[in-house]
Every structure is written in C-alpha cells, then in structure tokens.
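Below you'll find the structures, each written out as structure tokens.
Here come two complexes built around subunit A, the first alongside subunit B, the second alongside subunit C.
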Partner chain A sequence: MTLLWRRPTTLDGAIEELASDDAAIYAGGVSLVLLMNLGLFEPATLVSLAAVPGLAAVTGDDEAVDLGAMCTHARLAADPILRRTHPAAADMFAGIGNVRVRSWGTLGGNLAHADPAQDPPVMLAALHGTVSVVGPRGDRVIPVEAIAEGPLSPALDPDEIVTSVRLPLAEERSGSSYLKYLPGTKDDYATVSIGAHLQFDRAGAVRQARLVAGAVGPTVVVLGAGSEVLTGHPLDPDVLDALRVAVRDEVNPSSDRRGSADYKREMAGIVAARAASACRPASARP
Partner chain B sequence: MGGVDVDPAWPSIALTVNGRRHEVSVPADRRLAGLLRDDLGLTGTKLGCEVGVCGTCTVLVDGLPTSSCLTLAVQVDGASVLTVEGLAAFPELAELGRAFVEEGGFQCGFCTSGQLVAIAGLMLEQRLSSMTSEAVTEHLHGNLCRCTGYYGIQRAIDRARR
Partner chain C sequence: MTSERRPSRSSETTHRDDPDQEWVSGRRRFAADIAADTSELLHVAFVLSTEPHARLLDVDADAALALPGVVAVMTGADIGLRLFGRSLRDYPVLAVDRVLFAGQRVAAVAAEDPETAHRAARMVDVSYEPLSPLYDLEDVFGEHDVELHPGAQGYEGATDDHPFGNLQGADVVVDGDVDAAFAECDHVREDTFVFDRVHSAPLEPHACVVDARGEHVSVWSSNKVPNRLRADLALLADRAVGDIHVHPTNIGGDFGSKAAPYLEVVCLLLSERTQRPVAARMTYTEMLGTTAVRHPGRLRLRTGLRQGRIHAHEAEAILDGGAFAAIKPRATRVVSILGHAYANYEVCVRDERAMTVYSNNPPGGHVRSPGEFQSVFAGESQVDLLARTCGEDPIAFRLRRTTVPEVRGILEELRAGVQPWGGDGPDVGVGVATFGCRAGNGESVVAARATSSGVVLRVGVPDQGSGMYATFRLLAAQALEIPREAVHVEAIGADETLTDAGAGSSRVTAVVGSACIDACSRLLEELGPPDPDEGGGYWPAARLERMGTPEVSVEGVGRNRRGEAAAVKPTYGGLALQVTVDRMTGQFVIRRAMLVVAPGRIANPVGFRGQLEGGFVYGLSQAVLERLVVEQGQLVTASLGDYKLACIGDVPPLEIRHVRVGAETEGELRAVGELANIGVAPALANAIDDAVGVRIRTLPITGEDVWQALRSVGQEG
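Coming up: the complex of A and B.
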C-alpha cells in the first residue's frame, strides 16, 4: 500500500484529512514508526501535526498549567513553567525512555498511544490532569486516566486530536512523586510505576491522596483503596505498610518478561509506599 | 518546504546533510535511515534494532539526537542532519575519534557511529566538559555496545572531556 503524507496547516484541516480511511495522526513518530517497523500498523495516510500552529506551547494561569500536545518530552522536562509548578512531572518527562525518544516523542502522541506502561499518563493522572480533545463532533475534556480503553486502544475516535493537557496547580502543603521500578535496563518499560499526589493538613496528616499505577493492568489504574488507606493519617511506617498491602491487593497485573503477576503485585505495593513517602513536603521531612 | 508537495505519496523535501543541501522526492514511508544510506549513500549510519532501542542509527537532527530508524524522511524536511560522515568537519571533534581508537572504544565497530554521533552532539553544544559523568552516562544509556562492556568507550569519553 502506498502511504500518503499530509501536512495541514490548521486544526480544522487536520480533522478533515483524518476523515479518510486508515488515516493516522503523525506527531513525533517514535511510537507510530515503531509499530510500522514491527508490521503491527499500516496506515494509508499520515496526517502530520507539525505545521498546525499553537500545539506546542506551555502556558500557565492562576489555576492551572496547559501543556501543548505537540510538546516533546525533552521540551517539557526543561520547561521553566512546568519545572516550577509541577517539578515531579518535569522529572518524569526527563526520565522517559532514552534521549532520542525524548527528542521527538510528544505528550499527545504518548497519551494517544494508550500504552499502560508509559510514564506520562501515570504521573499526569495522579496530578488530576485532563486532556483536551477536538474533533468534527465538537470539543471535549476527559481525565487523563480515561484516555485509554485498553492497551494501544485510545478512547478517541480516529478523527479526534489531543490538543493539550491541563494540570491544576498544586494545593498548599502538597507533594507529588513518580517512581518507576526498572529491574532491567534504565530505558526499559517499567515493571510497575506509581504516580502519587498527596495533600497534607497542618498537623502533617494526609488530607487527600491520589495514587495511580502503571504497567499493572490494561490501562493505568487509579488506586482507590490505596488512596483511602492514607487519608486522615500521617505517613508513619504502619500507614505506609497498610498502603503497601492495599495496593498489592488492588492491582491486577499479568505475567510477562518483566516479572510474574505475583512479583509485580508485591512490587506495586512497595513502590507505592516509596512514592507516597516521597510526597512529603520538604518541611515535613525528618 | 511550503506548498510544493504535489504528490502526497512522494513528497518533495529539502534538507541539509553534513552541510550539503539536498532536494529529493522520497516515498512517504521512507525512514531517515533509508534516505541517508540508500538514497544519499551515507552508509556510516547503521541500522540495528529498528525499534529505537539500540542507538546504532543515531544522527543529529537540528542538534537533537534522533533514531533515524523511527523517523520518516519527510518529517525532517527543512532540517539540518549530521551523520558520522560529517563529524570530520569539526576540528573540535578530532580528539574524539582518536580517543576511541587509542582507548579501545570499539571492537566490532557496529555501534561506533551511533556512539560517536551521540557524544559529538554533547561536544558541539559544549556540554560534555561541564556535565557530570553520571549525566553523560544518562545521556548515552540508549547507545548499546555488545563488545566493550563500555569500559573503552568510557575511557575515550573521559579523554575527550579533558
């Protein structure tokens, strides 16, 4: 099949091009060309977003920071606004894959790839991120954790385009962290990863907790039970151990070459406890 | 390029490779590695895993380390590409190649062009000498070598850093 390349210069133009059969959005190319190289994906038309203006900015206001979908991981890792508002997210972007992936891989492409072992959806869901999507039937906003229906199955129509991710500014006395467990190589997909965002009260007890796990299910998983265990308690060793057990019992991974299901369950609990511990605001650390 | 893509199956692109400008039409699915090796005859760029992991096909696109196996040629329209063949034009890199030879930075040599380009990228941005050795290792962890155990490469980098 002969592949066609389209390079629209407006968002509406891109939506129109995506109406043709087997058309796919081309952002940075790293995941998409990888799937093409493996013979897993054979698009008829690629619609590049590179010439569509306004998709690669980072902007902030009093309530949130907006990350353009065409921002590369390297760009976000170094962005001065994101580094100030959400340093754990900037660190997460700095640790994705390898330097070449970060050069070209984009935020929107990463989320639309819908791989539950990727880093951004885990951290950004923990930070209460929402995704802005445009399409021929109108615009919509969905939570980051809802962008995937299953592995490599985004909850998007083929002619819908992710335009940005909005992260609300962190509350007072809150902290965030992202930890991935990489028993193999540093650029491997995580065996399990945890994004955590905790808000504390003045006494140092957890007021609200949000924990999200990656690579232990068909999509990223918001850990309801895990978050509940923390609420109302300081992060003492007993509470962290209860968190470990709750997360272990809540996730449902499958066995693969990165570990057995039991092993991943155990490690999910341990990584969750470490991630929660790393959320302590600087003033509350011993 | 601006408006001259008359054939979406064979887009026309213009790019600079190692300082030399090329205007070519390529099939839309041509990878950058294929453009360099097959169309332009620059076979110093090697293809290894073809899934972006091994780093053997690393080139610089506008200074960015890039897996040329995961990049479509049409994607780099208008860009400036530097491959291993272009490194000799930079006098500040002369010591890097020598260091690889003298410190045993390779055995079979298959990964070497990717290693050199990845390190050269840091040197051309004048970052190598100011980076911690941990940061250098972090930058290069995506360039695999199955011969040297990385010791010779590490020694060569240490020498080039001085």
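Coming up: the complex of A and C.
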C-alpha cells in the first residue's frame, strides 16, 4: 500500500490535507511510527506539520506562557521562558523517556496521542493548562485533562490540529512539582505519576490545591478528593497522610507489568503526598 | 563426498582488514546488510500460530497469494514434517498437523518486499481446533490426559528413560545417601526459589539470506554454529552437505539465541522453488515470542549443617521447557542447573535432581548462564540465610567453608573493599555472592599461514559480537612477537576441513584461543624463534625469504573436555552490592557495586573488561528489570517498549578488581563470558535482606515484591 507524505506550509493547508481519508498528523512520529511498525495503525496519508509556521514557538505575556505544539520535549526542557515561569514543567520535559524521544517527540503529538501514562498531560493539567485546537469547524480551547476520552482516544476530530498549550503564570506563594514513580528502567513509562500545583496563604496553609495523576486510569485523573484534603491545611504529616489515603482511594488503576492494581493505588497515594510536599515554597521547607 | 565448486568468497564478509574497529564504527556488515545488497531478492515473512495448542485444520493462502508482489506461500503440508533440534529433533520447521505454542511457524510468504510479505502473512487464514493447553507447571503436574509429544520416542535423539509423557529430560547429581546425612545434621533449612521467564535479547534479530539457484546453495546467516547449520540444512532440505556453502557472517549478539535454524531451512526451500535468492529477518516481536528464553521454574534447596559444616545438600529443580526441547544442546535436555549452588563450598553429601517438562509456552533455550543464573541465585541466597542462622557474618561464613583458594582470595578482597561502605544510614544494606564460570566442552582447529606480509589465522567460529577476533590477533601477536597489525583473522564460515564447535558456552577464548596459540607455536617450529638481531617488527618476512619459501602453513588445535586433567579451570568471581530500600514503596536503589575476579590470562584487557561490565549489566537487567510475560500461552510483552532492558541510567557505579592466586594462573586461558551476570541476583537479594530484613526468593526482584514482603511482616514505612 502506498503511503502519501504531505508537508503543507500553512495551517489551512494542513487542515485541507487532513480532510482526505485515513490521513493522520505527523508531529515527530515517536508514538505514531511505533504503532505503524506494529501494524496497529495504517494511515493512507501522513501530514507533517514541520513546515507550518508558528507552531514551534514559546511566547509569554503577563498572564500566561504559550507553548507551541510542535516544540520538542528537549526544546521545552531547555526553554528559558518556561524554565523561569514553570520550572517544574521544564524539569518534567527533561525527564521524558530518553534523549531520542525528547529530541523527536513534540508537545502536540504527545497530547493528541492520549496516552494516560505520558508525562506532559499530567503536569500541564496540574498547572491549569489549556489546549488550543483549530479545525475546519472553527477554533476551540479545551482543558489539558479533557484532551483524552480514553486510552489512545483523543477528544479531537481527525482533521483538528493542536496548535499550542497555554499555561497561566503561577500565583504568588505557589509551588509545583512532578514526580513519577519508576520502579523499572529509568526510561520506562511511569507506574504512577503525580503533577501537583499548590497555592499557599501567608500562614503557610494550602489555599488551593490541584493534583493530577497519570497511569492510574484510562485518562489522566484530576484528584478532586485529594485536593480537597489539603485545602485549608498546612502540609503537616497528618495532612499528608490523609492525602495519601484519599488519593489511594480515588484512583482506579489496572494491573499490568508495571505493577498490580493494589500496588499502584498505594503508590499513587505515597507519590501524591511526596509531590505535594515538594510544592512547598523554598522558605517553608524544613 | 561430492566435488565442491564454491562461489568465490566476496570480500564483504572476510576479515582481511583490521576488523576490530568496525564494531564501533558502524561499518560492520550483518546478514541483513547482505540482503540489502542482493538483487532479485525475495523477502520472507512467517505466519505464526495464534493458538498455544491446537489441531491445524487448514491453511488458506489464496488471499495472500492474490496480493500483488507475493510470489510464493509455503506451508507445513507442502514440505511435510521436517524436525530440527540440537540434541533432540522435536521442532518442526513448519507446523504440520498441530501447533504447540502461540508463535510457532505455520507458513511462510515470499514477496518482492518485506512490507508486502508481512501484509500477506497477516492475510493467510489458518483454521485451528483448540486443544487443552498446559500453561504452567501446575497444569503439567495436574489432572489431565494431555500429551504434547505423543511421538516423542520416535524423535532422533530420544532416550529410553521416559517416566512420563510430558517430560523433556532429567538430570541427576548424587554422591551419597543424603537422607542419612540429613539425619546427622543439627540444623536443616529448606527454601524454594521461583524464577520467571526472561529473553536472551541480542541486539540483532535473527536474519539470513539463502541463494539456492543452480547447483549450489549460498547461505549468509546470523547462526553462530555454521558447521551445524550446514549439516542441518543438508539434512532438512535434502541436499548434499557439499552443496551448501555457509558464508562467514558477523553476528550482532547472541546470548544463547543464535543456534537454531528457525529461518534458514524454509528460505532454502523457497529459494529452490522460486529460483530467487531469499531473505528473512525476524521482527523483534518474533524474536521475543519465538527465540531462546531462560527457563522459568522453581528450585527447592534443602541444606543441613552439622557442627557448622555443610553436611547435606538436596536440590530439586523443575523447569518449564516450553513446547520443544530442540534448542537445548545438552543431551539431558536440562539446562546446567545442578552442581552450581554451593559449588564453591565444602559439601559432604549432595543429592540434586532436575527435570524439564513440556508445556504450551515458547521453547526454553540456553540463555547466558542457562541454569547457573537461577541456581546461583538460590544457592548464594540460602548461604546467607544459613549464615544468619549461625549468627555469622555472611563473608566470614563463606570464608570458613570455601575450599577454593581463588574464592578465598575473592572474599578477602570483597571484605576489604566493602568495609568503607559501612555505616551509611538506615535501610542501607550490603550483600555478596560468589560464583564461577567454566568453559564448555569443544574442539577447534585454527589454520595459520605466515606470508611475507603477515600471519593469517583461518577460523571457523563466527564473531558473535564479543570481539573475539581481536583477542585471537593479540594472542598471535604475543606468541609470535610481531605487531598486532600483522595478524589477520579470516573467518571461513562452515568448512569440514577445520573442526569448530561454534560460538557458545564461554568456550571461545579458552578453546579457539588455545588453538591460535598452538598454531603459532607450530609456526615458530617451522620458522625458528624470533631473533632480536633481525630488528623486530614483522620478522617472519625476512625469515621466509632466507628460507626461500613464500609461506609456511600449519594447524593448531584447542580443546576442552570437562573432567579431564587438562580441562580449562573455572574462573571465579565475587560481587558485592550496596542498596538502599524505600520502605514505603519497596523500591531499592543499587548505590554501588564491586566485582572481584580471579582471572586466568587476560589476553585482551578491553575485551575482558567488556565481558565483565556487559555481564554485570546483563545480570542486573535480568535480575531486576526483565520479565517476558506469557499469559495463557500468549506473549504479552511483545515489543522492546514492553519488554524493557536496562538502560544506561539503570547501571550503578561498578568497581572491578582482580585477585591472583598462584602464579600459574597468569598463563592459562579461562572463560569469562558467563561469569559476572550470575552474581547480581543473589547479591541483590542478600543486600535487600541486610537493609530491611526481608528475603526475596523470586526472580526478577521488583520493588513491589519488597513492598509486599515488608507488608507481610508489618515493616513497611
């Protein structure tokens, strides 16, 4: 079977190319080509976004920072703006997979792949990120956590294109962290990962908490109960233990080679407590 | 024998230039590279059984044959039952009436390009009638009337001792009345160790090119035993041995995988049928699902102390050999699992028994240290448990009971080496293990020719990626006192004129290396010794001129036969690991490692260190990270994304030390290839126990295992 390769130079051109049957976006190919090699996905046309201008920039204003969908993970890990505004996110990008994955994989490709064990959706959802999407029926903005409907099932039409992710700037007295638990190889997917973003009041109590878990459900999970446990309390050991229990009971992982469901549930609680703890502003840490 | 008219050897696979750097420069060429340069080539993809145990009702290839680009489809019905096997021929080249594991080759498609071949292979419609499967040892020994090989007695290589139907083989080592010995013991402990399936995982997938147009057959293959490959091809494709030329071909890693003719027979038959050269290359999913896996199973050890001495030792191993015994070379059809636990200590009476059984799983093979990996894990774990019982320090306990001077030296060195590690906080532990590696049996002949431009060593053994030719060159250069650059190694592939047992069993340096040295000493007999007054350099050039002869040719022999006085002596090693354990998660981190080796002659320092470091990482990966998951006979970890190997980030700092015990060891070539990997699992289990007081008796050792063990004793964080 012939595989067509298209390399449009405008966003409209790309949308047009995607109208053909069995067309798929090529945005680095890390996951896509793997699926093709395994015979699990057989597109008729690949539409590369590499030549579409404006998709690989990082820009900031006084409210937010915008990450272009075609930025590679390596680029974002090293981006001076992101490192200043959201250092935990930059560190997350620096820890994805291995150097080959980071050099080829892109932010947009990663989010559109809708794999709940990927790192970016977990951290970026914790940071209240939103995804900009364009398509023939108009533009829309969706929260990062809503980009997946299920494993490998993005909430996107085949002719829609992710163009950027917008991260609001962090509030005063806030901290973020991303922890992934890797009991196997260092370049494996996480057994469980937690993105955390906590805002504190002047007394050091949590004013607002957002915790998101990866690899423990069909999509990334925003931990409502876990966040609620923290709100209004300082991060003392009792509160962190209550968080551990709440998260353990909130997630619904399945057993696989990275761990049994029970183990993953317990680890989700422990990693969440550690991630929350790591969000303390430097001055508040013991 | 028929007269041979061989195709001329192309320069692409003979190693007349300095080959040693090609491994790292990317210039080395493998079977798949030969395929890329062959015109009119057809590509073969195999149809693999999706059923673990079924009657084969029909193979409908009409749709596949109708696909443009498909040239031929071959089924078991086309070629009949053709069985291959190293010590037992029980494995059909293509399934004929039954399939015995999911992944067994059922048909083959030849097409103009590999993509079309694979697409067509997916279109071949195979009808199965599922049969009751035997998935694990519980199934095999449970109530059933399933006999997987009802015709086993008729297989070539079959033995008479066949107490029950699904037995692949049995092995026994007994040197006394163990029951009487146990009755005399004052302390006895029994532990059962369980190990899961891991894969041999060489970097290069199996690949071959076969050209059977015309009178002769040319074969390029990743097979590591070219002489046997040739004999197998002759037998299974009904050809004269002399018709078949197996060209020397580089191999990109073996670890016990590259010894069976999975692809070559069918490629030969398809090349005959289509009159085109034919190539096949496994996908990595095919590698993981169909080539050598380490035998999973269990090993029960019962060991008794009498007045502090190891008085009685009993071992019972039961191994899952999978659907076929064919890829095991040992006549017992049991991997070498007996005699390794407590091998380095004085034991009064031993009674060890092992058996391998058939199941509907991928066939077990000889993965690097095929049984030593499991049995040294069990033995060296239990040694620590006994030390604890006696209230002795694990190193002191071993020192008091070892009979091997090298092991004594290693333990002293480890004790000194780990001393500065101590006192490093809570949940930190140190574990040690000792082990040994013996060269396998075999004989090799090396032909050496001294000419005016250099010395050529002709060898039959293929370099499977260890860099063995660099070692041969160094050995010859040292023996002849000539520059290494003046020594060339010429690989010849299969050739009945030079005996060679192929690569494997940690045999190559000791056996083929000795043959190189023997050949060089015969050259010196012909040429006379080097004379310092001749000015050094490549002195044989002037000598040959003076002798009035263009060249001198000799042959050298190397052999090893275990049990004989002249047998290659074992290499011994010891490993210490320091770990920290996170009690909340069970995750452990190896902070540092020290490997102490009592080597023989170190012929090639870089290669030697490479074997030790590579062995350590291989052992670490299989002890901790790898698990080939097969559920209900189906491969679950079907890609290297799911079957994860250690990456560089997983490897802790490793210090390597040598100890010398006796000056004579400096001149002896010994084995090292299957040494370092076997120590990692027991040293790690011992270190974890030292850190947090729980004992892991299963492989691989995971954080979840440690967490579960901590929970079961109420010691989690």
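Keep in mind that, in the parts below, the second predicted complex is superposed on the first by the 286 of 286 C-alpha atoms of A that agree within 3 Å, B and C clash if a C-alpha of one lies under 4 Å from a C-alpha of the other, contacts with A are read in each partner's own complex, and residues count from 1 in each chain.
Everything below uses one rule, namely that contacts are C-beta pairs under 8 Å (C-beta built on N, C-alpha and C of every residue); 3 or more make two chains touch, one makes a residue touch a chain.
Just so it is clear, the structure is predicted and the values come from calculations on it, not from any experiment.
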Clash-or-fit label for the pair subunit B, subunit C on subunit A: clash
Partner chain in contact with A:G29 - subunit B first, subunit C second, else both or neither: first
Which superposed partner A:T185 touches (first subunit B, second subunit C, both, neither): both
Subunit B versus subunit C as contact partner of A:N98, first or second or both or neither: both
Which superposed partner A:M267 touches (first subunit B, second subunit C, both, neither): second
Subunit B versus subunit C as contact partner of A:L38, first or second or both or neither: both
Touched partner set for A:R7, first subunit B, second subunit C, both or neither: first
Which of subunit B and subunit C A:S255 touches, first, second, both or neither: neither
Of subunit C and subunit B, partner touching more subunit A residues: B
Contact residues of subunit A, present in both the subunit B and the subunit C interface: 34, 38, 98, 185-187
Complex interface listing, subunit C residues touching subunit A: 118-119, 122, 285, 584-587, 625, 627, 629, 636-637, 639, 641-642, 644-647, 649-650, 702-704, 707-708
Touch list for subunit B against partner subunit A, complex: 5, 8-9, 11, 27-29, 31, 50-53, 55, 58, 61, 64-67, 69-72, 74-75, 118, 138-139, 141-142
Subunit B-touching residues of subunit A, taken from the complex the two chains share: 2-7, 26, 29-30, 33-34, 36-38, 45-46, 48, 50, 74, 97-101, 103-104, 185-187
Sites on subunit A touched by subunit C in the complex: 1, 34, 38-39, 98, 181, 183-188, 257, 259-260, 263, 266-267, 270
